[in-house]
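Take a look at these structures.
Both complexes shown next keep subunit A, but they swap its partner, so subunit B is in the first and subunit C is in the second.
Coming up: the complex of A and B.
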């Protein structure tokens, strides 16, 4: 896309006026809270704080719901009738998305348009408008800079905000979609000052680059049978917290739910590769029968298989999986120490 | 701390145990579980107010038990356990999942733990279970470390919440829990961290017939969380790990604690307190109260 980025300045007050209008028009406006991105009911709930900790979960569930019907069915004596599901293409505006969340959709897009084009994902994505916000949070779990992103990256955003001072933001229009969204509100935009915004972004403390993803890729290829996996497998308790809070993990399971003998629906539900029954075959054989093999799969999928298949790392470096792990397994630590001996 | 490390080192060197399951420091306010097999690594062990994990969950893992089986003998397993974690171990022994003689319990005089990682230890940030804790000294142990210290005082907010829920009507309470369970994403972290969720195959993983829908919609979430509460009734020892592990902050321990209160009131039974008594659900007494039957 040959879209020329444009930078403006907007006051917080005017930005909130836009939000008010978005809500009044019946669109869904999501903004990050402590635990999740939530639909804003009143603009007083909006907290555009660039130094906030990433919400415990990303907005993944709005494009790829944790559980949704993909079709309904009716059975009669000698026929099965299938009924399509209508996905609502409701506009969703995400305000204040962290840079470690903004590119999640574009990473997942590869998978949902690979051997089969997932119309549910695509339709929802089409109605997404992502307004990213520069991030000045930094803790021991952050590693966005090691996976090719950065707290000041506007990748994946349609519009990107940089706080200039307490009341003003630099507003970068990144995509055509972003331009279309902001155009009706042109009256609120003041001419931009790129030297000012650059000054802000240059002063942001960047997470240290702790590993070279190319080296990790190589190491994974050569160390499928490394004894390291066993050590991690002994500690990991096989829940899917890591996969479900991950902004880019996308595995799902298809199950049929019968309401009665004659009626039911087919569901698409989140699934996680750390579950023991994730790869359990009907025969009873399980190719990933022990936890070490399952953890190895998780790391390989993120840093090797996805790169092979789609050319991108399946990780945004947000650190959610490690922050929330009940047994404090830190993926950043595992990947960055991969070369060290056991 | 040095004594603990020395003791662990000695156990490993003398080959009395195959491994020591303990805690190691990650950062100032955070520890993580560690499984030590090399005596040289015993120096990594710590014990402090930030040792939150209930490590007894590892005792029933096949891969951990496999470490104990060498060619010529079966070795013991040493485990670092807070006094409240010892309750879980007792419950596991009562339920014949662990043999007392197979493990070495290394315990501590405990004066409370912090409610979650990232908080400074204080009365205000005390873990909910520590507020009403009566076992600062473990009921069973093979070795004990640490000095006895006063637990910071804090008010029992969870009990106040339970009482508040009790005062609601059926419908209001149903709505409250439905809203809470609605947040559930079915990551099963609650099940994974629970020492008493040791089933080889959980009922929720059974597909033929499917008792609990795997979808995380309202019905699926409600049935999962209620079934888990039933399965833990009079078994849960109140370690609070499910609360801590839940990424969606569902107050799971409110239900478990309420069920434990019921077991105490109706049957004078508290889970995980005595190796001599049979479990409540595993024993029958004709004098038991019938009041709970509908």
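Coming up: the complex of A and C.
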């Protein structure tokens, strides 16, 4: 059920009181810092700043950890015993999530649930409460408006905040989950209406739309063999930084880690399609043996294959991949210039 | 919590040394419920665990009609297959599966079947052959053309002997030139050349073809020349996989996930894919 437009007003002070209570109840409260979304220990760490750049990483690792055991094994001479794991279903409240991050979970949900349900992802996601915060600042790497989102989009948020002035926020209840979360704190909510928040959102400067994702989709379908890929491949270092900071990249590896001869665990670890050995067969054959093929895979996966499979672009336009790229490859430029000749 | 990465445990009931580098395990699930429930179709694959070294992907080599056990055959190549090779009768491995699609045997009923296999590619083909033999009346003429690098590289010698002994199936075995020995009584020559010489008419015939990429590359033009249509040639793709569940992201070719949309494809489907396998 959608509760859109159920809009209230809350003061910063009262919002912090809610945060205080959430922490006191033992829930995890995450909020973005410069580098990452971190668990808040003290409410003085909370900085609800709509004009900050996205943290260097998203909160992806809280729903899809960098490395996690999927089982433990014990071996004896004659037998193997398997021990299952359980995902801790603790509530995680994410306060001040950027609109380019709030989108990410619903995009990944398709992948982790087509036919086979990955409960590691699902159980964590179920316990997420996402309180998004309107974004009022962009840099040269941001392109959320080109992938169908916007700095004022409440898509993916359970509750969405819009700063009205220094001390007050408009608070929109978006989902049932958001409603359930905020209900116990009804005393802090003052009646609001859309007039003031609309004035704010309408005045937000939006990053320019730099490409048409449908045109990019078409171009990719016709240009698998374009010489452009070789040019990009020559630049790229295959470090996969782009995948690791991406809020929606989800490729992983499964490897065993022995503690000793008799014990160990099987791990699900982040992996990246830019690594040379990602698709390497034991025989030595490698379908994506050179970097140009791997970069082509990355762009196609995001802007074409994922659309084919799940009807959504595998990108939120946060720009992290480009902001952090050691050789300044900018995915936004690549797709927006795709039609230009080499 | 339903853990999709949790394998079933199985005991190695028998180890068959097929060739110096290829082994077959005959496996039985430890849990009788699992053994009862585990159902698959010819062409599907599984993830096999050597605990401590990881998982590896192979087809299920035994026929779904023979339910007493499950067999897999593997060539020693990488870390996991080396670890599996170190295991003995009585040891425990893990199995996740069955995954992927299968050869559409129901649609092929009433047809002639031509089985073509090269090297370890005979493993998925053997599953289909045994499956078809257990419902022999449903199909017309059966021909097997099977190749190996040399006589010692030829696997499933026991099964081949049984197929050869039957009169309701034509079995042609070949080794690459130079791979024969003094007592070899089969064909000598590469698989495509032997097909050209011995293949049955293409009329009402479906082909089940598995082997190394180089063999498939040279076999297809021969099949086309003999009048076989691309949509009547079924083969499997073997991209590297980790999860087998359409999640880990490495087996895709374009928007096709080999682990879920495959591993069985017609040659017509393969031709439409980006050439990235």
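Everything below uses one rule, namely that the second predicted complex is superposed on the first by the 336 of 342 C-alpha atoms of A that agree within 3 Å, B and C clash if a C-alpha of one lies under 4 Å from a C-alpha of the other, contacts with A are read in each partner's own complex, and residues count from 1 in each chain.
In the analysis below, a contact is a pair of C-beta atoms (placed from the backbone, for glycine too) under 8 Å apart; a residue touches a chain by one contact, two chains touch by 3 or more.
This structure is a prediction, so every number in the text was calculated from the model and none was measured.
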| item | value |
| --- | --- |
| Clash-or-fit label for the pair subunit B, subunit C on subunit A | fit |
| Touching partner for A:273 - first (subunit B), second (subunit C), both, neither | second |
| Touched partner set for A:305, first subunit B, second subunit C, both or neither | second |
| Which superposed partner A:57 touches (first subunit B, second subunit C, both, neither) | first |
| Touching partner for A:201 - first (subunit B), second (subunit C), both, neither | neither |
| Touching partner for A:115 - first (subunit B), second (subunit C), both, neither | second |
| Contacts of A:234 with subunit B and subunit C, given as first, second, both or neither | first |
| Subunit B versus subunit C as contact partner of A:140, first or second or both or neither | first |
| Subunit C versus subunit B, contacts on subunit A by residue | C |
| Touching partner for A:251 - first (subunit B), second (subunit C), both, neither | second |
| Which superposed partner A:281 touches (first subunit B, second subunit C, both, neither) | second |
| Where subunit B and subunit C come nearest after superposition, their Cα distance in Å | 5 |
| Common interface positions of subunit A, toward subunit B and toward subunit C | 253, 255 |
| Contact footprint of subunit C on subunit A as seen in their complex | 70-71, 73, 75, 78-80, 82, 84-87, 111-112, 114-120, 123, 224, 250-256, 258, 261, 264, 266, 268, 271, 273, 278-283, 285, 287-288, 293, 297, 300-301, 304-305, 308-309 |
| For the subunit A and subunit B complex, residues of the former touching the latter | 35-36, 56-57, 66-67, 140, 231, 233-235, 237-241, 243-245, 253, 255, 257, 267, 269-270, 272, 275, 277, 290-291, 324, 326-330 |
| Contacting residues of subunit B [partner subunit A, same complex] | 26-27, 30-35, 53, 57, 61, 63-64, 117, 185-189, 191-193, 205, 210, 213-217, 220, 241, 244-245, 247-249 |
| Contact set on subunit C toward subunit A in their complex | 1-7, 9, 49, 51-55, 77-79, 81, 90, 92, 94, 213, 238-240, 242-243, 245-255, 260, 274, 276-277 |
